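Next come two complexes, and both contain chain A; in the first it sits with chain B, in the second with chain C.
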Partner chain A sequence: MSVNALRTNCGSASLRAAISAQSQRALASLNSRSAGLLLKNRNAGSLSQKRFQTTATASSKATYKSPENPFNFGAYARSEEVEAIPESLASKIPALRALHARLGLSEKFLYSTLARALICRSSNVKFADNVGLANFGKSVLSFYVYEYFLVKYPRLPHKVLRHVVELYTSLPALSKLGTSWGVEPDSRSSFTRYLAEQSDEDVLGRLLFTENLVQQEPGVVQVVDSDKNHVDFNEAMASFVRSLVAGVYAHGGLEEARDFIHKYIILPRKVDMASIMSFDKPTRELAVLCSREGLEQPVSRLLAETGRYSKAPVFVVGVFSGSSKLGEGQGASLNEARTRAAVHALKAWYLYSPINSQLPSDHNESTEFKPAFIDTGAVVI
Partner chain B sequence: MYLRQIPRSLRPFQPLGRLVVGESAGISHGQLAFKSQQTQQVRTLVYTKDGVVRARGLKKNEEEYLTVNGVTYPGNEDTLKDAKTFLGEEYSLPDPVILQTITHKSFAHGKKPYNEKLAILGKEFLRLQASHYAVSQTNDNPHAINKHNFDISPQPIEVLSSSVALHEVCKKTGIHKNIFWKKRISENTSTGQELDAKFTGEQSVFARSIHALIGAILLRHGEPKARKFISEKLLSGPYSLISVSEKVYAPRP
Partner chain C sequence: MLSKHRVTLGLSGNSFLRSIRNASSKHTNPGREAIPTRFPTLYNPKRSASNNKIQLPIGLVYNPAPAAPSPYETPAAFLPKEDKRTVVVNSEEFPVDKIPALKEPLEKKYNLTEKDLIEIHNLRTSDPNKWTRRALAEKFSCSEFMISVASKPNPEYKKEMDERLETIKESWSPRRARARNDRQRRKRLWIRDAQ
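Here is the complex of A and B:
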C-alpha cells in the first residue's frame, strides 16, 4: 500500500494529514474499502485501481504457513505476524467479563479466548482472528445437532432432517443467537477507529468486522462483494458463535462443547416438526410404505359427514390398513379429507420418537450403551 | 377375459418400438397375470422401445432388480464377510445393520433398507474426529489455545472425511465388491468410453458405505467406541485415511 494510492482516491487534505507510518493497517482497510468505490468509476481505469486489485487478492491468500506435508497438522502456523491477546488485558474489559458471566462459561474459559472469538478476519486489528476457531466450531456444531435430531426423530426423511439442522446452524440462526446474547457489533473500518483515536486494545470485547454494506450517502447503500475483507453482519456474528463453541472445546473438551450446544443452541428453540413436512403424493406414498412394511394396502373410509349438499360440507375420512386405523383427516371435499388422512398417517410414521432414547455422545464407557433406533430410510416413490 | 388397453402415450411409433400382444413365452418378465374365474391363464402384454421392455402397470421381475453382479439381495455368505473383517470382533454389528450399510438408496428403488442417514451421521462424526485429531496434535504455535492449534488450513481436514479418500479406503477393504447399488451411467454414450468413478456415482456410493459403517457403530455402540474405531482403524493402521489422503490431496490453486 502506498500513500500515493490513497491520495488519488480520497484526495482529502484532512485525510492525508492523518496518515502516519503507524497507521499501516488502517490504510489497508481504507484501501480495500475504496476498492469498492472504484468499481463505480471503472472507466477511469487508473493505475492505482490495478494496484488495489492485486493487493486485495494477495491479502486474501496464504493465511496459513502450510508445512511440506499438509497432513502434519502440528506444523501449521499463521503466515502473518499478529499478536496474541494478553489475558491480563482481556480480563479487565467489562464487556468480556459481562459476556463471560452471562453465558455462564466455566472458569477455565479464558477471557483472551472470548476476545479472540469476537475478532473476524475482516477487522484489520493487530490481534489473531477467529477463522480457525470458527471452522472447527462449525463441524462440532453440525455433528451434535445432526446427532440430536437423528436420534430423537430416527425416521425423519433426509431432506427434512437437513432442513431442521439448517434451522439451527444457518448463519441467520446463529447470528440471531449471538445478538440475543448481547454481543455488540463494531463494523467501523480501522481507519475510522484510528481517526476516533481508538486503539485496537480499546475495541476488544465487541464483534469486530468490516461490513459489506457501505453507506455512501443517505439512502444509498453500496454492497461490496469482494474477498474476505468485507463480510455480512450475519456471517460475522455466526463466526463468533462457532468460535465460542470451539473455545469451549479448547478449554473443556468435546463433552463440554456438546453440553454448551444442547444448552444454548438446541434446547432453547422449539421447531414444530409436523408443520415443516409436506408431501407431494401422500396417498401414493402411504401405499408404497404399506407395501414395503408388509402391511395391508391402505383403504380410505368415510367415517362421518355433514352438509353434503350445502355450501360448507365436512367429511371425516379415516385411512385403514386391514382393521387398524393409520390416520384420520377432515376436509370440505372427499378428496381433501382422504389426502389429509394420508398426510396424517405419514406424519405419524415419520415423526416417531423413541421414548428414553440415549444419545451416543451422552454415554461413557463405564455403563452399557442402549443402542439407538436405526431407521431403514424414507419411502421412495 | 379382459385385456388392458395401452394408453396413447405409451403407443409405440414405428421405427423405435414394437407392440407385441400374445402368449409369448420367451419373455422372462413384464408378465401380468389376469385371472379368470374358470381358468388361470397368463397373457403377456409387452411394449418394447430400444430393446428395453416396458409398460405401465406391469410389475418388473423382482429377481432382476434385486441382482447386482450376479448376487441377489440379501446376498450369500461372502457378502458381509469383508465388512465383518474390517469391523473386527470389537465393533461387530448385527447382520441386518451391516447389510443396510452396504445398500445404497439407488438399489431396488429404495425398497430395501438403505444407508443414507447412517452415512450422513457417520460423515459428520468423522469430520468432527478428524478436526479434533488435527487441532490436538503437538505444536509450538504461539496462538494455540490450551495447546490446541486452530490455525490450520481447512482443506486437508476436509479431505480426510471426503468421499475421494473414503472411496479408496472402501476399495482397500474389499467392501466395494458387495455393495448393492445401481450405476448411474457406466460409459459415455457418444464415444463409448468408460467413465471414471466420479461420473458413475461409484465414488460417493463406495464412500457412503464406510461413512454408514461409522454411523452404525455410533448408534449401536455409543460415541467412545466409535471414536476408538476411527482412531484405530481410520487414522492409523493399514486403512489409514492420512496415508490415503496424502496420495489424493491436491491443494487448491
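Here is the complex of A and C:
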C-alpha cells in the first residue's frame, strides 16, 4: 500500500467515525428509552438489537483518533468519546480487588488497567477496550514462549515447536487459564444491561463481551459469524489474559512481563512433547541421522522375548550404534518392536535438553552471557 | 548338638524331660547363603517369605521402576560434544558381539552408473509387466529399494494396479476389512511409539 492510499484511508475512517460518534449517544439513548415497548414485539426487538449493533460498530471505529499524517506516531490519541476508567472507581470494585489479590499482582499494577483488560471491543460500554493491550500482549507472549522452548529443546523440529507454542498460546488454552483464575464473564448486551438497570460502572470487574451465540428462543441458539461485534467466549477470555501480560509490561517493564509469562503461563502446565512426535519412516530417518552425525549405522538387536509361539508375544528390541544403545522398543512382533525402538531413538535425539541452559532474555549486565545451544536442524530423508 | 539347645527341668527325681526351644538355630544352621535381590535389602525372599515387609538398609537406595526407558534421557551417543554431563555406559550390560542383529545391515555397493540409471528408467516405463522392480534389481544387482529410488513406475501401469487393488478391497468381507483397517491403525501407533 502506498503512503497516499494509507492517508486517504485513515482520513476517511476518522471522518466517518467522527460523524457516527456524534449520533451514537443520541441513538443509544433513544433505543434504551423505547426498549420497554419494543420487547413486546419480537420482531421489533430484534430490529432494535440490529440498530444497537450498528452503533457498536460506530463506537469501535471511534475508539482512536488517527492523525492527518499517519507517520506522526505521537499524534495518535484516544477519542474523546471513549472514557478512561478512573482509578478511584476501579479501586473500589470488589471483583477487581479480589482478582488483583488472587493473581498476586504487584501494587504498581493499577486497578483501572485490570478493569480495562476485562473490556472487549464487542462489549458496548463507554470505557476504553483492551484491543491494543491484547495485541501487544499476544506478541510478547508468543515471543517468550518460543524463546523458552527453543532454548529448552533446541533440537525440536520446527513443526513440533510451532505446535507446542500453539498449545500454550492458543485461544482455548489461554481461555482455560483465564477461567481457572476465576474471571466472571458477562456477555449480556448493553440493551439487557440497561433493562437490568446496570450502568457501565456497575459491570466493571467482569469480562465484558458480546457472545456470538444468540439465543433465539429456549433451546435454539444461533451462531453469529465472529466479527468485531460478536466474539467467541474463548477469544474474549484469551484477550483478557493477553491484556494482562501487556498490563504487567506497562506497569512493571519487560522483565516483569517475562517473569509473569513464565510463572503463570509456561511453568504451571506440562505438555508431553514425546507424545506429539510421529515419524513416517523411522528406521530410514535414524539411519540418515547416524550417517549425518558420523555415528555407526544403527543395528537392531533382540534383547528379550516371551511367548514367541503364543497368542500374546512380547519382544524387546534395542537399536545400537556400534556398542552404544540409542533406543529401545517393545511390541507384539519383531517388526513392531524394531520400529518402536527406532522411534524411541529419534525422540531421544529430538528431545535433547541442555543442562543449565540460559535464556537469552535472562542475560543482564551482572551475569556472563552464555549462548544457547543451536542445532543443525531436523533430519531430511 | 541337640542337647546344647535343651534345658532339662529337673523338678523331682522321677520327672520327665521337657524340652524348651529357647535359642535360635540361625547361626548353627549350615548352608545359609545370601540370596541376591534386585536392590540391597535386609529382606530375604526365601527365609522371610512370610514376612512381606521389605527392610531397606539405611541410606539412599536407587531402585528405578522396571519400566521402558524414557525418551527424555538422551543416550550417550546423542549428546553433543560441548555438553558437560557424562553418561557412564556399562559395556557389560549389552554385550553387542553376543547379541545377533535382527537384520544384518547391507553393504552399500554404489555400483550403478548414470547410464544404468537411465536404462532402469527406460526399461521400467517401457515394459512394466516384464521389468518389475524385482527383475530390475536382479539384472543390475542392486536392491529393490534402490530401483524405487532411481525410477518412478509407469503411471498407466500404476493406475491399473491401483484399480486392481481397489477391486480386491471391495470384495473383502466386513470382518476382513475391519481387521485390515485395525492393522493400519495399530501401525500408526508404532510410528508415534504410543500405546
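Worth a mention:
By definition in this document, the second predicted complex is superposed on the first by the 305 of 381 C-alpha atoms of A that agree within 3 Å, B and C clash if a C-alpha of one lies under 4 Å from a C-alpha of the other, contacts with A are read in each partner's own complex, and residues count from 1 in each chain.
Note that contacts are C-beta pairs under 8 Å (C-beta built on N, C-alpha and C of every residue); 3 or more make two chains touch, one makes a residue touch a chain.
Treat the numbers as computed from the prediction; the structure is a model and nothing was measured.
Of the two partner chains, chain C is the only one touched by A:300; chain B is not.
Which of chain B and chain C touches more residues of chain A: that partner is B. By the touch criterion defined above, A:69 reaches chain B but does not reach chain C. By the touch criterion defined above, A:336 reaches chain C but does not reach chain B. Shared-chain residue A:374: touches chain B; no touch with chain C. Of the two partner chains, chain C is the only one touched by A:274; chain B is not. Of the two partner chains placed by the overlay, neither chain B nor chain C lies in contact with A:181. After overlaying the two complexes on the shared chain, residue contacts for A:325 are found with chain C alone; chain B is out of touch.
Shared contact residues of chain A with chain B and chain C: 373. For chain B in complex with chain A, the touching residues are 97, 100, 105, 109-118, 120-121, 124-125, 127-128, 131-135, 137-139, 141-143, 145-146, 148-156, 160, 216, 218-226, 242, 245-246, 249, 251. In the complex of the two chains, the chain C residues touching chain A come out as 68-80, 82-85, 89, 91, 94, 96, 99-105, 186, 188, 190-194.
Residue ranges of chain A in contact with chain B, taken from their complex: 63-64, 66, 69-78, 82, 84, 110, 113, 116, 128, 132-133, 135-136, 139-140, 142-143, 146-147, 150-151, 158, 161-162, 246-247, 249-251, 254, 292, 358, 360-361, 363-365, 369, 371-380.
By the touch criterion given at the top, residues 274-275, 277-280, 282, 293, 295, 297, 299-303, 317-318, 320-331, 334, 336, 338-340, 343-345, 347-349, 351-355, 373 of chain A touch chain C in their complex.
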